[in-house]
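Letters A, B, C, D, E, F, G and H mark the chains in the order given here, with residues in each chain numbered from 1 onward.
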Amino acid sequence: MKYEEMNFAKLDTDREARTGFPEVIFCEGKPDEYLLQIYKKLYEKDGRVFGTRASVEQYEMIKAELPGAEYDKVSRILKVVSVNDVEAGSTEETDTGAAPYIAVCTGGTADIPVAEEAAQTAEYFGARVERIYDVGVSGLHRIISKKEVLQGACCTIAIAGMEGALASVIGGLVSNPVIAVPTSVGYGASFGGMSALLTMINSCANGITVVNIDNGYGAGYVATQIYRLAKN
Amino acid sequence: MKYEEMNFAKLDTDREARTGFPEVIFCEGKPDEYLLQIYKKLYEKDGRVFGTRASVEQYEMIKAELPGAEYDKVSRILKVVSVNDVEAGSTEETDTGAAPYIAVCTGGTADIPVAEEAAQTAEYFGARVERIYDVGVSGLHRIISKKEVLQGACCTIAIAGMEGALASVIGGLVSNPVIAVPTSVGYGASFGGMSALLTMINSCANGITVVNIDNGYGAGYVATQIYRLAKN
Amino acid sequence: MKYEEMNFAKLDTDREARTGFPEVIFCEGKPDEYLLQIYKKLYEKDGRVFGTRASVEQYEMIKAELPGAEYDKVSRILKVVSVNDVEAGSTEETDTGAAPYIAVCTGGTADIPVAEEAAQTAEYFGARVERIYDVGVSGLHRIISKKEVLQGACCTIAIAGMEGALASVIGGLVSNPVIAVPTSVGYGASFGGMSALLTMINSCANGITVVNIDNGYGAGYVATQIYRLAKN
Amino acid sequence: MKYEEMNFAKLDTDREARTGFPEVIFCEGKPDEYLLQIYKKLYEKDGRVFGTRASVEQYEMIKAELPGAEYDKVSRILKVVSVNDVEAGSTEETDTGAAPYIAVCTGGTADIPVAEEAAQTAEYFGARVERIYDVGVSGLHRIISKKEVLQGACCTIAIAGMEGALASVIGGLVSNPVIAVPTSVGYGASFGGMSALLTMINSCANGITVVNIDNGYGAGYVATQIYRLAKN
Amino acid sequence: MKYEEMNFAKLDTDREARTGFPEVIFCEGKPDEYLLQIYKKLYEKDGRVFGTRASVEQYEMIKAELPGAEYDKVSRILKVVSVNDVEAGSTEETDTGAAPYIAVCTGGTADIPVAEEAAQTAEYFGARVERIYDVGVSGLHRIISKKEVLQGACCTIAIAGMEGALASVIGGLVSNPVIAVPTSVGYGASFGGMSALLTMINSCANGITVVNIDNGYGAGYVATQIYRLAKN
Amino acid sequence: MKYEEMNFAKLDTDREARTGFPEVIFCEGKPDEYLLQIYKKLYEKDGRVFGTRASVEQYEMIKAELPGAEYDKVSRILKVVSVNDVEAGSTEETDTGAAPYIAVCTGGTADIPVAEEAAQTAEYFGARVERIYDVGVSGLHRIISKKEVLQGACCTIAIAGMEGALASVIGGLVSNPVIAVPTSVGYGASFGGMSALLTMINSCANGITVVNIDNGYGAGYVATQIYRLAKN
Amino acid sequence: MKYEEMNFAKLDTDREARTGFPEVIFCEGKPDEYLLQIYKKLYEKDGRVFGTRASVEQYEMIKAELPGAEYDKVSRILKVVSVNDVEAGSTEETDTGAAPYIAVCTGGTADIPVAEEAAQTAEYFGARVERIYDVGVSGLHRIISKKEVLQGACCTIAIAGMEGALASVIGGLVSNPVIAVPTSVGYGASFGGMSALLTMINSCANGITVVNIDNGYGAGYVATQIYRLAKN
Amino acid sequence: MKYEEMNFAKLDTDREARTGFPEVIFCEGKPDEYLLQIYKKLYEKDGRVFGTRASVEQYEMIKAELPGAEYDKVSRILKVVSVNDVEAGSTEETDTGAAPYIAVCTGGTADIPVAEEAAQTAEYFGARVERIYDVGVSGLHRIISKKEVLQGACCTIAIAGMEGALASVIGGLVSNPVIAVPTSVGYGASFGGMSALLTMINSCANGITVVNIDNGYGAGYVATQIYRLAKN
């Protein structure tokens, strides 16, 4: 196994061979100079780069050097795609066949940024995604109206802040795994998402596992792992 | 305003006049001698006594001196009723009219002791109660099958441990207040009920207020206050 | 049951029929574009909109499109009222009859923003409110001088930060329910209101239930539910 | 959808049709009388019962009425199997084909009870399991010697107490999902497993999701969901 | 400055000269052999010993060797007094003059053990004490009826569990210092007294300082320091 | 007892008669308009005003209307003194006699703002103060060199952040009360002062009581109460 | 690198070669059968075994099979030594030369069990130890009287519960590393040693590092690592 | 022992004689005027000054008065070196001999600022350092490729945020002490580094001790203490 020594970083160039997934960059907090070098190194090696939690300023800095850079304000994903990819359209890299698919659900509108991070991550890794937003448990008829889409998915990502009850309700409706993502949406005793995390970890429903608060990327990654097992 | 000085306690004999509710005894942890004196003093004054969180040993000690003592193992309520009450039957003190009523719901079977503390407290104070047990959110068809009973209640007591999502789901179905009671049922990161408490405090549904972990008595008290307002 | 699909949101248009309360918007953190669309959709449907936790910037954005928008800096409520409402005066939508009424109390001056959110929410839903501000327990004569107003209320909203003892003292004085609202007022070990929340949850007084930190809206909602039961 | 009303419980008899998994009983804390009725009702309906977190006393009580009861002291699983199952041998209900399989790993010897709950749950639901015990990160050569078994699994259950670093190390070695189970093994600042839970939730490795402390059953359930997707 | 070396302990024999207070033994958790040696050494040196948090078993062990041992079950104080003290009566060591005095108050009956530890500690150190028990804030007329006794004290010890609001109310009534003692009385979210501790630390009243949960001894010590300053 | 009703506040004009201390204003977070009215009302009534936690902006606003306003940047105290006071010099209001006095100590330089709030509060209330700064326990010779000043004080205010060990060390050296003030100085696991608060609450030394994090005012208030008892 | 596979455990037989330290057994919570097999296997391999946190019952079980077993009630260490070791006397395995040595200090008598676990662990690994017990900071003259012994040590283990200030004071007196061990000694807000741990982690003194609560073994291990570096 | 009194600070001029280490300044939060005086006083006394956690603004202020000031943006260290030092080159003050050396490792790129604070502190105190960055456990081959450098070090500083597993893995590979530094790198349930701190404190590996979150300075200090013992 090997890696690329960059002094301030050791790029895990063995990762794709070992795990089937390319390196993804967590942009938040990385100094500009380091981030730029990493983007350039990966672009040179793979012809494309995918980063999460990027700011507009980071996008502009990368864009100046790598013109293929694209930024989505909602999900804060900063991609660099090759010219060929752009011409072919971004849908090509995503599986659009009839089955299987990942359902990405949110309790409210404010959870959508985390949901888009999850959904676009899974799509980048080649999975098909169905989005079901704003189906929180305080109006049950909304989630029930989507029951069939949920039950058809190979796995569901349930994203909610505040009290985070969405995961338990979905867990009771489906037969496939539910990946629960607590979000920092809320105030007061929500403690930046800790309350929702505890709700999901203590769920009375079966089939629920949990990732870190606001970790849409992590949920999209695991969902893709499951999608690949379901597909093959 | 006045009280009865007992050295180790000041019985709030003014309470019923001031609040409309008689004194109730929290038995847990009270030394035997003190507890007995309090039961005797209240029985002498009112002809009946109602205590919560009592042990079998406390029941036997009280029973030896006050033969009208009755103990319910599930709710741990230790009552003393007068001879007249016993002859007339305990149902007489409870309102059995068509309306209004309090709905008492639990997420699981293990929450029933807290539910019975709540239900019997409300009944002792003269309210009518409907019990709906084991309707946790992981099998939504159970709670949905009870929707009409819930919607007819003047208020609902929602009792749940683990992740405590029951309150939010009920809150979305009804138009009257929901009193949420977190329970200490659970393990691991349930932290003795703190996780359920946080869930309920952060509920995305409207109309939900919360009492302390396992505080069935407190929920029954408030529900009776609301019942009385609804009745008059 | 039904809802209005807006892609980023599913407006619960069934809510008023199901619960007797119109949809209310939690403005904080909603992207401008989403917030504007929701305000416009609700205004179109109902002729009025009521939002909480709005900023001055959000008010100006909404005002530019919906001239009936009104903003209260203290409570941070952003309403849109129809032309007819404005002409008739805002008092018309509030019940001003002799009885019943909701008492809204604060421990200190700094709790007033939460109190106004609670009071104006209840008034928007048609309830009558009496305000009693700055009656914290460190100067008992202040709250005692208001005892009769408190005892006449169908329910009391007790709002306090720091140590939050106000709810227990009021609970001992009245016979109707007390809805306790911890606030984030304080410093050091107040932990953003968690200390006051724990005080209120552990209250030795009866008849007290608790909502989330700074949740004036939630308290006003439940108080209105109780007010309606008391009124009918 | 339907359920069986037992007063103290509503058996979710619709569950197997809805989710593909039979009802499993969480025995801990259930009163003897309730537990016995539930075991009898399920045995009558399905011809077999599976319960977790059972005590020796509960086993003896069930055994007296249902002679097919079997108890495993390590995992605390209390099964009732039909006569036919016993004759055929317990291996028959488990998939022994070449692939796929679930890897169940522990950091230490003290984590084995949770691991056996997970492994036997998965086996009960028909999955094939490989056990890899005592491969904690303080002696890396142990886990590295098992790398190939790990990489061949459709998913891995990583079980560890104390600092819970096992999940991150495994996550870096495999391409399929890792279900992390924190255990309450440890002392001092391990806080009954909370430290390990936080480690796993914050893992720098990809592909890791987390269940509640000591929740071997939950991990075995999700692993089986993934196993079924991988198998089909 | 000097101390007595006992291998397992270094008795601070300089303490009385340095601080004006004799050494007091915290008995809980001390091995029998060590405790006995310490009691004997101090008795030999001073002719009397005072220990807190003692068990009945410890009392019996000490009594067998030091016949002057006396034990109070409520406060769990284990004293050894000299023959002369016994003959003279225990009141002699306590100041019974008209002024000043320490007021020791509790919120409820269950707080009395902590109150007696505080009161008897102060009396052992020579101060005069007035006891005011069961004056919790949910029945304000009780504490108000004792206002004059409180206002006459040179300092007040306010002892309460659950929400611990007693200290704030007393702080508003008096001009001298209030030493607040949170107790572990309570359940659920009282967290073994942490909730009461936070209430008292965040008190909106002036003149309040706080000691550890259930630390009656510490409160009695400080109160005596203040008493001595007030007396001289 | 009486108060001055100001709508948004009820000035406790009875306070000085009841407690011997004038009203003090906590400025932080008070809206400008409210703050100004309170300052003006108190100045009108008493001829002087004392406020804590004031900002430079608040000072400038008050100064514009009340020219006698004075602001100390370190302690953030905002006083208004009458013309007579200014002429007479601020030392006149402070007791400069030989005895008694309050010792105000800090562990480090960064704790000085809290210390000055404490010291100037005590001086405003008429007490004499000795300042001993930067005597943290990591260089014991510094505190030991001040032992005599400490032992001569009627009480000591011990102010420290980080691990807060200063209070225990002082507690072992003196015979009079120690008021411990944890500060928010520190980083990482100091949790905004909570670590220091816990250190002080758990102190193994006698005679220590604790106030809220950074609560210099509260410590100065209690110290003055003790000073007055010692003086009379 | 290699290990011994025992099914329930993988003995790290490579450890001594890799780290210079033999395997040590953490006995607490290990099932009897597993513990016995591990002791026998290690005794067979190395001729001696060293285990920590053992109970009397475990000692008796091991003793029955391995007659060389020795148990120390205070430290709870369960050793098996070979016949030759016993004849030669236990002092032989410990370095008794003039220098260097490890100082093991405690704040109080109740911390001695943790101190003995640390001291005997270091001695088992061949280091020389000096014990200094009951030198808590509330009587500074005790620790100061031992200053020279402390300053001569190559490293110091500072063991304290309650507020744990001992480490900071020692850190200020010596030039070599201080290993701080918080203990679970205390009550109330000591939170089982968490308060002392936070004190030590936030120490204002230099040269202090911290191990887990009550982890005498871990401290003895690191101290020996440093001792070996100092000796060579 | 002596110190230099500066009113707002007592410079511990005795420190170097007592501990072998010169005074180091923690710059963060120190008012400009105080900081400048301290830098000038130390420069005058020692001819060089070393400060941590400095801002660019503080650097510019110091530079204006002490032209020898140097600032490193990554580590935030603000040094003043004498003219002679500058001419001789900064490497001269660092030991560059063959052995021993300190290994400084990080889990990721974002931990480098803390690592540089540690490394440059140790170098300032005269130790030799080897840097090994970005060797987190999710790609084990990176750390394993550096095994020999780690095993050659006299001690290792292991710096990691998020789940902090790096320390345990290194602890299993080396025979010398590991000083673990949790960092605040992470989000969600990392709680500003508390999660990594708990991981490290609970490590299953031997030889690990922990310092405060982000405390690179403290780790560099202790590592130098060990380096000196190893060197002599």
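The rule is short, and it goes like this: a residue touches a chain if its C-beta (ideal position, glycine included) is under 8 Å from a C-beta of that chain, and two chains touch if they have at least 3 such contacts.
Predicted model only: the values in this text are computed from it and were never measured.
In summary, the pair subunit C and subunit F forms a contact in which the copies contribute largely different residue numbers, shared numbers making up under half of all those used. More than half of the contact pairs at C-E come back, by residue number, in A-B, the repeat among F-H, A-H or A-B.
With centres taken as mean Cα positions, subunit H sits 51 Å from subunit C.
Our note on geometry: subunit B versus subunit H, Cα centroid distance of 58 Å, whole angstroms.
Rounded to whole angstrom units, the spacing between the C-alpha centres of subunit B and subunit F is 46. Contact with two or more other chains is made by residues 138-139, 173, 188-190, 194, 197, 201-202, 206, 212 of subunit E. In this structure, the chains touch in the following pairs: A-B, A-C, A-D, A-H, B-C, B-D, B-E, C-E, C-F, D-G, D-H, E-F, E-G, F-G, F-H, G-H. Only residues 109-110, 112, 133-135, 138-139, 141-142, 145, 185, 187-190 of subunit E touch subunit B when the two sit together in their complex. Within the complex, the subunit D residues that touch subunit A are 18-21, 154, 173-177, 179, 197, 201-202, 206-212, 218, 221-222, 225-226, 229-230, 232.
Residues 1-3, 7-10, 12, 14-15, 28-30, 34, 182, 184, 192-194, 197, 212-215 of subunit A are the ones touching subunit H in the complex.
Residues 107-108, 136-140, 144, 162-165, 168-169, 171-173, 186, 188-191, 194-196, 198-206 of subunit C are the ones touching subunit E in the complex.
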